[in-house]
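Some structures to go through are shown next.
Two complexes come next, and they have one chain in common, chain A, joined by chain B in the first and chain C in the second.
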Partner chain A sequence: MAELHLIGQIESGCGFSERRLFCKWGLHAGAGWTLLAGAGAGQTHLDEPQAGEAAQWGHPLDLHLGTRGLQGWPRLLLEVWHVDTWGRRGLAGYGVCAVPSAPGCHRVTVVTWRPRGTRRQRLLGPGGPELRDPLGTATAATERFRLRTESAGTVRLRLGVVARHMARYGVAL
Partner chain B sequence: MTSTANSPLSTARTGSPRRYQHCPHPVTLSPPLSLSPAPGSPSPAHPGSPQGLEEGISQITSKSSVSPTTLVWNFPIDITFKSTNPFGWPQIVLSVYGPDFFGHDVVRGYGAVHVPFVPGRHKRTIAMFVPESTSRLQQLTSWFTGRRPEFTDPRVVARGEGREVTRVRSQGFVTVTFNVMTKDLHKLGYDVGQGPQGLHQA
Partner chain C sequence: MAGAARRGGSAVYRSRDPIRNLRLRVRIQRVAPAGPLLPWVPPLAGPERPGRADRAADAGAGPLRVTAAPRAGAQRPPEDEAEEVEVGWQEKLFSQFEVDLYLNESACQTPLDWQYHEEIRKLEKAGGRKNCRIFTYTDHDRFTNLEELCQKVTDLDHEVPSYLVERMANVRRRRQDRRPVEASSLKSKIITWEPSEEFKKNNHVINTPVQTMYIMGDLGPYGKLGHREYENVLCTIKVDGNGVITVKPDFNGTKGAYRIELDGEKREVWEYTIENASAQVQPEEEEREQRVFRELYGRHRDYLSGLVGSDFEMPLPGTLRLLVNGEIVSAQGYEYDNLYVHFFLELPNQWSSSPFQQLSGVTQTCATKAVGWDNVAYFCYPFSVDMFYTQEDEDSLPQWPVLYFEVLSLDFWQRYRVEGYGSLVLPTCPGVHTLTIPTWRPVGLGPVAEMRRFFIGGSPELEDLTYIRIPSTFKGKRLSRFGFRTETTGSVTFRLCCLQQSRAFLENSALRQRMQSVLDRLGGFSQQSSVYNVLEAFQRARRRMQEARESLPQDLINTSASAVPQSLEP
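Presenting the complex of A and B:
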């Protein structure tokens, strides 16, 4: 079984219209992939930045994956949420990105988007619509055409990829 | 500043030191800084033998007219780790302290970053944050008493679990320079790539 290590950090989120932000993340891969060690999903702390506009999360990632095939290469689904001063939370953006397929250290910038509500929902102010099934909608390409979305901020990640025994199976990374 | 390197078998590290913090507040910081490897990280090679210190405290520094925005620690680190599995790769955990108005040492920031695993020289800028009280009453009492919330074990910042209950304020950055060497990674079948890659847009 070929192995893949993902070692890195969800660094920060910037360009969102809100300031107090946290990020939920999850790693999703095809059926041939197994999570051998580490957490496959999690949530960062809530940051209220005092310096600059970017929410700093510095959230460590350390995953060990095993695979029998390349189909379903792992992807990260990121959900950025904001929390107002009353503790109410609302969606700030969804983003999905593939784990870089080259070994080494990568700086990844994930652009995000969020569903655009109806005119009435927009008039009622913050707290826009969320996806009922973010995983199915955001990571699958089949249902996207039903959505109307607007662009949101970006999330920066630092992802280190270590591959093991890929060459033994003839896989060039 | 730091260095550490590590690899599944053993790595040697040498450090060339230069770290500073800069902070957006008008106060002067004089932070001693302590560092410790993350929980679950591979143990230093040959525990017990002098393969580098795992923890340390820097001098207390302050800003100057030459460098009005940065605090220079220039703190050297030299450490070697060994392991057979990259899972639990070591992280460096930084906690910065400085005196408040009354001269008490209060925490000014926590931060952590993974030691790079690609051989070579790497620079990392770590965003530092302090935890916040979650209740308004605690916020009020901490304002009166001058006691800010702190982590009892700063190494929690190197763990991803349980973060959803934490509220923080980020303030300032610390820069760390790593020089990393690895040994026998390839022999164990690992491919870590070469050098830092460019920016990937996803």
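Presenting the complex of A and C:
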């Protein structure tokens, strides 16, 4: 058994066309991986930036994973949502990021996209299309060619990775 | 009390053991009354230096010595009055003043006062206190509150406590009852919209619970005990909830005794030492504790590996496994909107992958947005490739897998255009790599081709994508692209996390050397292993021979051995 610790935070989201944003996240890994400690999914608070355009979340991540193999290396699925002043909720972007394999501290910028709605939807704000199966479409990526998307903003992560016993199984990280 | 020298800084200790085991031994001794001619010791004297103690004693021995005036009926005090007391944590030792005060029932107001009253009466019955000059103030005493409130920071005569001091005074950092975490965390409120006064007191300042204890000395002249103005703080001990013990001043240890010089007319000098008198843990007990911890951690480890499984998938011996967790991040700087990327991996000779492994992919069609000067399409397209490299002969130079890609655009009328071609060789060293690959596209001769591209879409494109690097059909010695015209377009950003796994790393990891290239490692291993195999085979054969020799009947060897000399003897 080799172990992987992932300690970090979802720092901020910027470049979205909306302002009041929150981010849902989840960690997804192959069958050989087990979450030993920590929460595997979560949601940040709703932040409305007053100065600048980045919504600051500072949401902590702390996971301890055990694995039987390298297959199915863990990925973080990020869904950014926005809430407008009337409380209507809409999708702002999907992003996915493989957990960096090298031990150390990484600053990762995850770019996001969202399905492109009709012109009317784009003009009137919330209510654009969402993925039926975000996990399958965003992380597996084999069915992506069916999609028409538009570029959304970026999410900044700070991830510290600590690996244990990987060298014991001849893995060079 | 103003004359008391401030002694040293505080020392911090940490302990995981229960704090009630803490015991201190305090010994106080009057050295000698200092003469009036003795230069005044500045109040910031650190821990006492032995030289100064000698000098003080010398001065005291002079003719100007003034002894304490004895009260009528009391005997002369001994020359060096001394007292030694061992104090437990939060153990209350009453001073003469407190005994006098609490014996009087009318002075008792709080339940604590009454409790002290009872205790003192019990003590009187039992035959008096064991301590005389040394006494303590525990966490519950009023003194502890007052001391913290009236602490002066500057030497200003009329230092007025600030607003914050007053507020903080109400917030004694005591052990507060921690509100139990509610079972259903969903229902518990995160925000207190109307914080109560009590809530503010508890939460607006740091509230690591701290317990305080003061060891005091009543340094009044002999026979005049029980006056508040002669009370001196000998030692302050603070313990917080995390087992951090702050002792001020520190235990004496090897240092000389601390000294207090009184300010009165007689300027008496007192020396005192503080020692840690807690019972030490027996070695076997400590060892047992360590063993219990080890066992606990071992069990936990077993439990975790039981959850996950103890085995780990390994590649075949002599192969290198290359796992790439890649991502097509973005494409920027292209002429048209609605971009998509088509890519595939080419595995050279000696590389293989599982038949289910997908080695190509197409991203979604993404509309760009302006970031700075560029139009950027965010793909965030993850892919994962698992490949194996088997080295057959060591002489050949191995090739690394190559990723070819093309960027295409699709417009409203479903016309598609080639926007760019590019390729990258997968990184040879493990780790995280972010690569931005510039691309180009072929252009036709003359303006007609470009006009066609603009109006009806379509443009010259490569028939074989491997032409981006070395064409697969190429056989000659020189690769010439003369006559092939291209135009620089935008760039595509990739993020690649490369992992390598091989049994060869296992062997070499013991040597802890940073290897330059994978090939060295693999080559070195196969070479080393062949030598090693030969050696091992040789050893095995030799051992078998020895065993065979030993298992032979002894008489057979003896007779054969004896037979030879016999035959030689005559």
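Everything that follows uses one rule, which is that the second predicted complex is superposed on the first by the 164 of 173 C-alpha atoms of A that agree within 3 Å, B and C clash if a C-alpha of one lies under 4 Å from a C-alpha of the other, contacts with A are read in each partner's own complex, and residues count from 1 in each chain.
Note that a residue touches a chain if its C-beta (ideal position, glycine included) is under 8 Å from a C-beta of that chain, and two chains touch if they have at least 3 such contacts.
Only a predicted model underlies this, so the values are computations on that prediction, with no experimental measurement involved.
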- [ ] Check whether A:Gly15 is in contact with chain B, with chain C, with both or with neither, and answer first, second, both or neither.
- [x] second
- [ ] Scan A:Gly58 for contacts with chain B and chain C and give back first, second, both or neither.
- [x] first
Open item on the list: By the touch definition at the top of the document, which applies to A:Arg107: first (chain B), second (chain C), both, or neither?
Closed with: first
TODO: Tell me which partner A:Asp84 touches in the superposition: chain B (first), chain C (second), both or neither.
DONE: neither
- [ ] State whether A:Arg116 touches chain B only (first), chain C only (second), both chains, or neither.
- [x] second
- [ ] Once the structures are superposed on A, label A:Thr44 by its partner contacts, choosing first (chain B), second (chain C), both or neither.
- [x] first
Open item on the list: In the overlaid three-chain picture, which partner chain does A:Leu173 touch, first (chain B) or second (chain C), both, or neither?
Closed with: both
- [ ] Using the touch definition from the top, say if A:Gly32 reaches chain B (first), chain C (second), both or neither.
- [x] second
- [ ] Residue by residue on chain A, keep only those touching chain B in one complex and chain C in the other, then list them.
- [x] 36, 95-98, 100, 102, 106, 110-111, 167-168, 173
Task: chain A to chain B touching residues, read off their complex - done: 5, 7-9, 11-12, 22, 36-39, 42-52, 55-56, 58-62, 64, 95-98, 100, 102-111, 160-168, 173
Open item on the list: List the residues on chain C that touch chain A in their complex, please.
Closed with: 304-305, 307-315, 321, 323, 325-327, 329-330, 338, 340, 358, 361-369, 371, 376-384, 386, 430-432, 495, 497-506, 509
Task: chain A contact footprint on chain B (complex, rising order) - done: 23-25, 38, 85-89, 91, 111-114, 116-118, 122, 126-127, 129, 132, 157-161, 163-164, 166-173, 188-202
TODO: Would you pull the chain A residues touching chain C in the complex into a rising list?
DONE: 1-3, 15, 32, 34, 36, 66-71, 73, 75, 94-98, 100-102, 106, 110-113, 116, 138-139, 141-142, 144-152, 154, 167-173
